[in-house]
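Below is one structure, written out as structure tokens; comments come after it.
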Amino acid sequence: MNWVWFYRLGSPLWFYQTTTRWLPWLSLLAFMLLATGLVWGLGFAPQDAKQGNSFRIIYMHVPASFLALVGYFLMAAAGAIGLIWKMKLSYMVMKAAAPIGAALTFLALFTGAVWGKPTWGSYWVWDARITSMLILLFLYFGVLALQYAFHNEEASNKASAVLALVGTVNIPIIYKSVDWWYTLHQPSTIKLTSAPSMHPDMFQPLLVMILGFYCFYVVALCLFTRVEILRRERKTTWVGDLIGSSNNAVEGEK
Amino acid sequence: MRKYTSDGFYAYLRRDLLQSHRRLGEAASPLIFFVMASTLVPLGITPDPASLAEIASGIIWVFALLATMLSVGGLFAGDYQDGSLEQLLISPQVLVMPVLGKVTAHWLITGLPLTLVSPLLGLMLFLPEAGYLPMTASLALGTACLSLLGAVGAALTVSLQKGGMLLALIVMPLYMPVIIFGAATVQYGIDGLAWTAPLAILGAMLAAAIALCPLAIASVLRLTSIN
Amino acid sequence: MKFQFQSIGHLLDMGGHGFYVWSAVIVTLIVIIGLIVRPLLQHRVVLNQIAQELAREKLRKKTTGEGN
Amino acid sequence: MGNPSLISIENLRFERDDTTVVSCDQLHVNVGEILQIEGPNGSGKTTLLRLLTTAIQPQEGTILYCGKSIAECRFEYLSDILFIGHQSAVKLTLTAEENLAWMAESELSSAASLRALESLGLAGYSDIPCYKLSAGQQRRVALARLLLSDARLWYLDEPFTAIDRDGVKLLERCMEDHVSSGGAVVVSTHQDLDVQDVRHYSVLGESLLRAYS
Amino acid sequence: MRKYTSDGFYAYLRRDLLQSHRRLGEAASPLIFFVMASTLVPLGITPDPASLAEIASGIIWVFALLATMLSVGGLFAGDYQDGSLEQLLISPQVLVMPVLGKVTAHWLITGLPLTLVSPLLGLMLFLPEAGYLPMTASLALGTACLSLLGAVGAALTVSLQKGGMLLALIVMPLYMPVIIFGAATVQYGIDGLAWTAPLAILGAMLAAAIALCPLAIASVLRLTSIN
Amino acid sequence: MGNPSLISIENLRFERDDTTVVSCDQLHVNVGEILQIEGPNGSGKTTLLRLLTTAIQPQEGTILYCGKSIAECRFEYLSDILFIGHQSAVKLTLTAEENLAWMAESELSSAASLRALESLGLAGYSDIPCYKLSAGQQRRVALARLLLSDARLWYLDEPFTAIDRDGVKLLERCMEDHVSSGGAVVVSTHQDLDVQDVRHYSVLGESLLRAYS
């Protein structure tokens, strides 16, 4: 069996160098996709028959919600890999994923709230999906808080990995139970239309935005991970060399 | 040496019960909180019997949950501070049984009294009659769930310098399904629906929690003790 | 595909929903830019810290070396 | 050598915040031996003892128990050790007797624990909650475990804290009895031990250098 | 020596703030409790906006009270355990000023954040618009009252072995008037009545509490330290 | 006598649960004197010191400070004493320097507290939160107050707990300096003090009799 790739993947040095090469291109791609999607969605996509222009919030709302959720599973997977294979890099990825996920969850809730006002006449409703998302935000906050609360790096890694994993077991349970709860209570004032089959002219920019958010997510994750790598590998020779070379570069400029 | 795994269970159960017996003031605090908080409701919200009747089941469940959460934070704190937790971690026995013993003691001190006293609160908050049985049944199962889940959070935060209440952030999401089905059981009972259905789900959750939580707690205690 | 608005004014107004749409856009941009800029700044800060540490260590080695 | 070594440490290293707190190239504990760990404050004695008890895990190196890595023979090893640290694991709300019944590893007859308390000078105090005891008396309750345990290896971290002179003598006799019956003791203390045949081991963690630099 | 009485005030204020800054996780816990408990309400009681709007003000006040009560229990506990309280008691300075400093720090860490975050909870619980201003105003004054009254209870229970929650029993009766006028202020605001009247009463209570509670706390600390 | 007595105790008696814990007919502490309080565990040393600091009140008897009852000259007396007990009043979340700044009675320059920490061997540790310090280092932080205080009377309850040998010597020098400059020290410890001119006072509380009866 050829496991070389696996170990290489686990090497912070390899990750750092590879991302140094790829990140500029990926960032460019993310930027292009996001810019195209936004302009298309905000200016060119046709107006929604019922909601008017407020529906354009969908181009931020849906990608953010989507990645917030995906990000949680990614974080938990990284934590699990760290616990099982004791791979340092994967803890770093986990640590990086938490603030990004929390920010995106907040974004989903915020854009949802400002969408809710014109649509439902209220910034907030206790809808099943929204409630679950709020709980997801709490789960993210929990992981973040645990990471900062521990003074010991190792304990912090392990504790937040376990919490992330416990959270993944819980997310489906939470979604199911909240959904069930909502059908029990179904308030009369609000009716959630089931997703209407969207017109392709509206859907295409959404697709572009989702792709753009994906790329952006990867870029942000890499950037956060790189900082973490530097912080934790500060004593290694390669970081020393890195500093040395950058210092030389600065001196060379002078 | 404790060669038999069940020994750890009884030893810790007995010790924790004895300790709470010695300081009843502390042990009774979840109960006091539960009763006191519920008496605030008519003062703060509304004294109107009809309105109270509507929210009674929810209020009781919310306060039962909060009372459990607040007390579970200290589950391992005392043992951590005086060094007994370290002794437990370096003892040859399997960690799961002592942990289960401690959680059981916690439920006996917290969840059980809450369950027993809840009809009284139901009376004070004008809970409709059909709600009493589902309420006590759901509280009995639900608080056990809450103790187990809360203990996971307590284990995660035990080695933090008094990080006790970070706990709320960690366990509250885990508690959400429990309160949903707990409150629903009572609501079903009041509405004359088949309240055994949500109760059964609570039971299933409890079974899963009994199987999984002690394992999780044991490994978390081992993992985070490095500091 | 055509531009849906007659003027910039209409674009900003969004048929009365301008406040909602544009606040969503602005907050989205802030979050995106924040998530990119923050690690970049941190990266610089950490590099500086490490460089300082290395310099201090070098200095210490030099002084103890002379002392011997 | 005649005596097999009970514990051997090889190249043990433990780091905290990128500072090496304990580094121990070679250390053996033999049967029938009292090993005193010495070093100034903050040199890593407590950390070394906690490493030996597996309360914390080293970044590098191995600890062998009777020739086997302690990870392999975890159960046997942990059944054979007794650790008393800075924190004494005494529950203040329980009485001395209850504490002992609880801390002792085996099922304990009440008579045995009373005898242990008595020989530590706590005869009249067995039924008083421990928060009513003085500092030294609380410590004695914890130390009564020594008389009740059948562990071979004792790890004692500053056992004499708050203990009076008679108490120190008593403990020294205890340790001697224990090693002469085939056990071993690793003890960290700043005082001189008045026992026959004590071997000294000095630790000086790298972390201390910080203080002097 | 601290010759000037105000020194003790600032010294303790600064130290307690610094300590909570060092462990933010712990310091933020009343806030976390407040927010989390409030999100439980829709799950446990009802998600219906109209019903929530009716109970919103009361719910927010009840949870603000509970959050304050739970955190005030630890006000002197840390100082008692590590011996600083004894040092304070045998220091020549007047006890009142350090005590007032500690209580002020507690309000800044607990009451103020609760007040600031309450509008968000108002939004989530559909508090009618006219309620926001009275709510924040009454919470600002009311939580200060609660901190002061709670500190008396904390001083009474500090020397008990972990008697932390006996506290609830002691302070809850003292808290009743505060929550009555606090909740009334918000209700008056919503109903379009002159809500400044109950608010003024809250203010008067606060003034009395500032004048009397520190004295009471200081003498209670002296009396109960003999153990 | 030439030296006036700073403290005189007369017929002091303190009871707990109907047992006399401290009974002290006559005791003087003079200027320029180190008084070592001795006695086995549980004999009432800590209780006596706490009585002297007014942390607890005796059921009977009086304590005079410079001839006046300490109830009368409370402010002067309390301004003149410094007490360091079993619990060291060190806040674990604060750094050593912050702890000192806080514990010292007077406004403190940062330089002064750094100097005090340095002379106690904590030079590199002033900006580290105290929970990261070893047992002895934490104790040293508390003891640094001795160097910063201008109190005349020191009450030290087992100050050498967890302190290494160099530290003990250092503290002994400290005490000598203090008494030679007109102060007085009352110290309870089970170890022998290596200072010139120490007077011993033995306590043996009635409560202990229970243990031997």
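Read from first to last, the chains carry the letters A, B, C, D, E and F; within each, the first residue is number 1.
Convention: contacts are C-beta pairs under 8 Å (C-beta built on N, C-alpha and C of every residue); 3 or more make two chains touch, one makes a residue touch a chain.
Keep in mind it's a predicted model, so treat the numbers as computed, not measured.
Common partners of chain C and chain E, by the touch rule above, are A. With chains reduced to the mean position of their C-alpha atoms, the one farthest from chain A is F.
Averaging Cα coordinates per chain places chain B and chain C 43 Å apart. Centre-to-centre, using mean CA coordinates, chain D is 29 Å away from chain F. Here the CA centre of chain A is 49 Å from the CA centre of chain D. Counting partner chains per residue, chain F shows two or more touched chains at residues 86, 92-93, 132. The set of chain E residues that touch two or more partner chains comprises 23, 25, 36, 39, 43, 46, 78, 161. Of all residues in chain E, those touching chain A in their complex are 24-25, 36, 39, 42-43, 46-50, 52, 123-124, 126. Those residues of chain A lying in contact with chain B across their complex are 135, 138-139, 141-142, 145-146, 149-152, 154-155, 158-159, 162-163, 166-167, 170, 173-174, 177-178, 180-181, 184. Within the complex, the chain B residues that touch chain D are 1-2, 11, 15, 18-19, 22-23, 78, 81-84, 86-87, 89-92, 225-226. Listed in rising order, the residues of chain C touching chain A in the complex are 1-5, 11, 14-21, 23-25, 27-28, 31-32, 34-36, 39-40, 42-43, 46-47, 49-51, 53-54.
Of all residues in chain F, those touching chain E in their complex are 53-57, 74-79, 81, 83, 85-94, 98, 102-103, 105-106, 129, 150.
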